[in-house]
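Before we start, here is the structure in question, set down as structure tokens.
For clarity, chains are labelled A, B and C in written order, and residue numbers in each chain start from 1.
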Amino acid sequence: MLDNLQATAEAWPFLVQGLWVTIQLTVLGSALSLVLAVVLGLMAGASNKALAIPGRIIIEFFRGTSLVVQLFFIFFVLPQLGVELPGMVVGVLALGLNYGAYSAEVVRGSIASVPRGQWEATTALSMSPVHRMRRVIFPQAWALMIPSLASLMVHLLKGTAIVSVILLRDFTFYLDQLTRQTDTFWAYAAVGLVGYFLLALILTLFMNALEARAKHRLGRGPSLREVLSPTPTNKNSLSTAGGGV
Amino acid sequence: MEKRFGDNVVLKDLNFHVNKGERVTLIGPSGSGKTTILRLVMTLEEATDGMILIDGDPLTHRITGGKRVRLSNKEIKKTRTRIGMVFQQFNLFPNMTVLENITESPIHVLGQSKAEARAKAKDLLHKVGLDDKADAHPSSLSGGQQQRVAIARALAMDPEILLLDEVTSALDPEIVDEVLGILRNIADTTDITMLIVTHEMQFARDVSDRVLMFDGGAIVEDADPHTMFTAPTHDRTKKFLRAVLGEGQIGTR
Amino acid sequence: MQNQNPAWDWDIAFRALPEILEGFLTVTLLVTVVSTLIAAALGLVWAMIIRLAPQPISGIVKWVVSFIRMTPIVVQLLFAYYTFLMFDSITIGIVVFGIHYSTYMSEVYRAGIDAVPPGQWEATTALSMSTRRTWTAVVIPQALRATVPALGNYAISMFKDTPFLLVIGVVEMVNAAQIFGGNNFRYVEAITLAGIIFLLASYPTSVLVRRLEKRLAYAY
């Protein structure tokens, strides 16, 4: 045990470096996926078929082919077609595209859940489609979509662990290294799983706070209160509108 | 201003018109089509046949070369900004304050300056008796207060026609009178054309120039309030009023 | 290798296909099916323990389930494979996937059980039904109605997660594609084929599951 602790302490700088790569992948990947989610979600939910159909196709394409396929495609195939991207970009792109497609379903579903009356009120006030989406519909849909988006973000975090196969030195990569100095139980479980768990917890707490704030803005709930729960506030476990991730 | 309808499906071969500044109340049992009329005028729904004309201008469809043709969204919007609506469920925007709710469209649709819109909004809030609630959130207001804000919001657009869809049906009985008082005020102090769907018969009698009785998607009777409520001619009307008002007649206030 | 011409070589595609399909049929499908069954069964066990067992057991199980659910499958695979050296990679893969997804299923069951109307529980009390009968005859059958579509969706999810197995050397479909690509210095056909097979398998299935979900929803 003490040997393990010592070995870990020695490896600490590397572990932190790997952790940082993982965090970057998570944050950047989530940012990209959020942007794509909003764009694709709005497209897929639009009444204009010229937008809805391509949107739907792109979403189903990236949901239906798997993350690793997309990762390998960007990493192995694109260079053969002349496009070579640095490792971090490959990772962020694959994660963003894949989870962006799943998130798009969440965005689309949340927008569709905003009560009819709100849409009608915007018509009565002659608001243009862009105006009403920006000022009325999306702000309300935002509060609805946060729990599911939070859940997907945790999935994204878990997905980052695969990037070591494309030679990115993330947290998992350095965990592999650590097993040489310690044993596999210590490295993978005590340090590794616990480390990822803590990251996931922080992420969840952050999203919960975001949700509390969004709800408060809508006058629906107390102002920022601390939620100490390991489970994301996902009320929708049964309904798998996002295709079930 | 006139409105002419002529359409099928839920409303059968409907044809009537309303003059500028007129206050018309639509009464009748649920499902008789009276709310549908309001929704058609507000372009929340579209008629399958026929046309609606506002002051001679077609609202959603016109006849060109003998065919019924739909106008472009831009054209529809132009005419529609002259119409406003207050809903049964208020439909205030929860992510904005009361003031923001009222000034939102005047600023972005009518192009008013922020200062102009706010001044007007404050004035309207005063008229509906909610001066101190300008920065409040809709969720902190009671139903009656929310509906008053909704009325102010609709008026902020300076509508020529105001549609009122059972605006007191979702309110507690004690609050209903407050809101009706405001509507009476509007009727007295402005010449906005008002199309009202309501179950409040006394109010209908006080405010309207004309009352239309609907049943099964058609107008069954069209009369001034006095005649309608004291001496209706049609059987359906008699039956309906009897059920709603009880055996006696309503007198004047 | 850079800039191979032409962009797509049918010859190579046809040569890649058998290896890729082999990975698909022998590993990908196998793991998906078996692990889904494990997940479905184990998930119910978790849900019932969490609901019925006394504290602290219930609380501990709840935390362990959350812990497993919120941590990466990749690391769990690595952990299990290198720690339990007596088992081969496919067995480890099946077990880890089964356990990991059982934690998702336990949430689904929990929600399904919660969705059974309180009136049902009250009726069983009024009829003096035993706990066992209450669960087996009344609660579980109703809870299961909504869990079937969710199970379907997680199965599809798991199917798309099977490539994670390559970190412990399992040659499932994508690994097979990568190996082929490495051996022949051309990746585009192999990877694309793998992607197409995923799409062909998962999209129609998810459409079916969505339809099933809608139909079961009416039945409620």
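By definition in this document, a residue touches a chain if its C-beta (ideal position, glycine included) is under 8 Å from a C-beta of that chain, and two chains touch if they have at least 3 such contacts.
In this text, all values refer to a predicted model and were calculated from it rather than measured experimentally.
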Subject >> Far-end chain from subunit B, centres as C-alpha averages >> reply: C
Subject >> Middle chain, criterion being Cα centroid separation >> reply: A
**OP:** Would you kindly tell me how far, in whole Å, the mean C-alpha position of subunit B lies from that of subunit A?
**Re:** 46
Original post:
Between subunit B and subunit C, what is the separation of their C-alpha centroids in Å?
Top reply: 55
Original post:
Centre to centre, by mean C-alpha position, how many angstrom separate subunit A and subunit C?
Top reply: 19
Original post:
In the complex formed with subunit A, which residues of subunit B make contact?
Top reply: 42-44, 77, 80-81, 83-85, 87, 89, 91-96, 104-105, 108-109, 137-140, 153-154, 157
**OP:** Mind listing the subunit C positions that touch subunit A in their complex?
**Re:** 1-4, 7, 63, 66-67, 70-76, 78-79, 82-83, 107-108, 110-112, 115, 146-147, 149-150, 152-154, 156-157, 160-164, 166-167, 174, 177-178, 181, 186-188, 191-192, 194-196, 198-199, 202-203, 206, 209-210, 213
Original post:
Where on subunit A is subunit B touching in the complex?
Top reply: 117-118, 120-121, 123-128, 131, 135-136, 139-140, 217-220
**OP:** Could you pull out which subunit A residues touch subunit C in their complex?
**Re:** 60-61, 63-70, 72-73, 76-77, 79-82, 154, 157-162, 164-165, 172, 175-176, 179, 184-185, 188-189, 192-193, 196-197, 200-201, 204, 230-231, 234, 237-240, 243-245
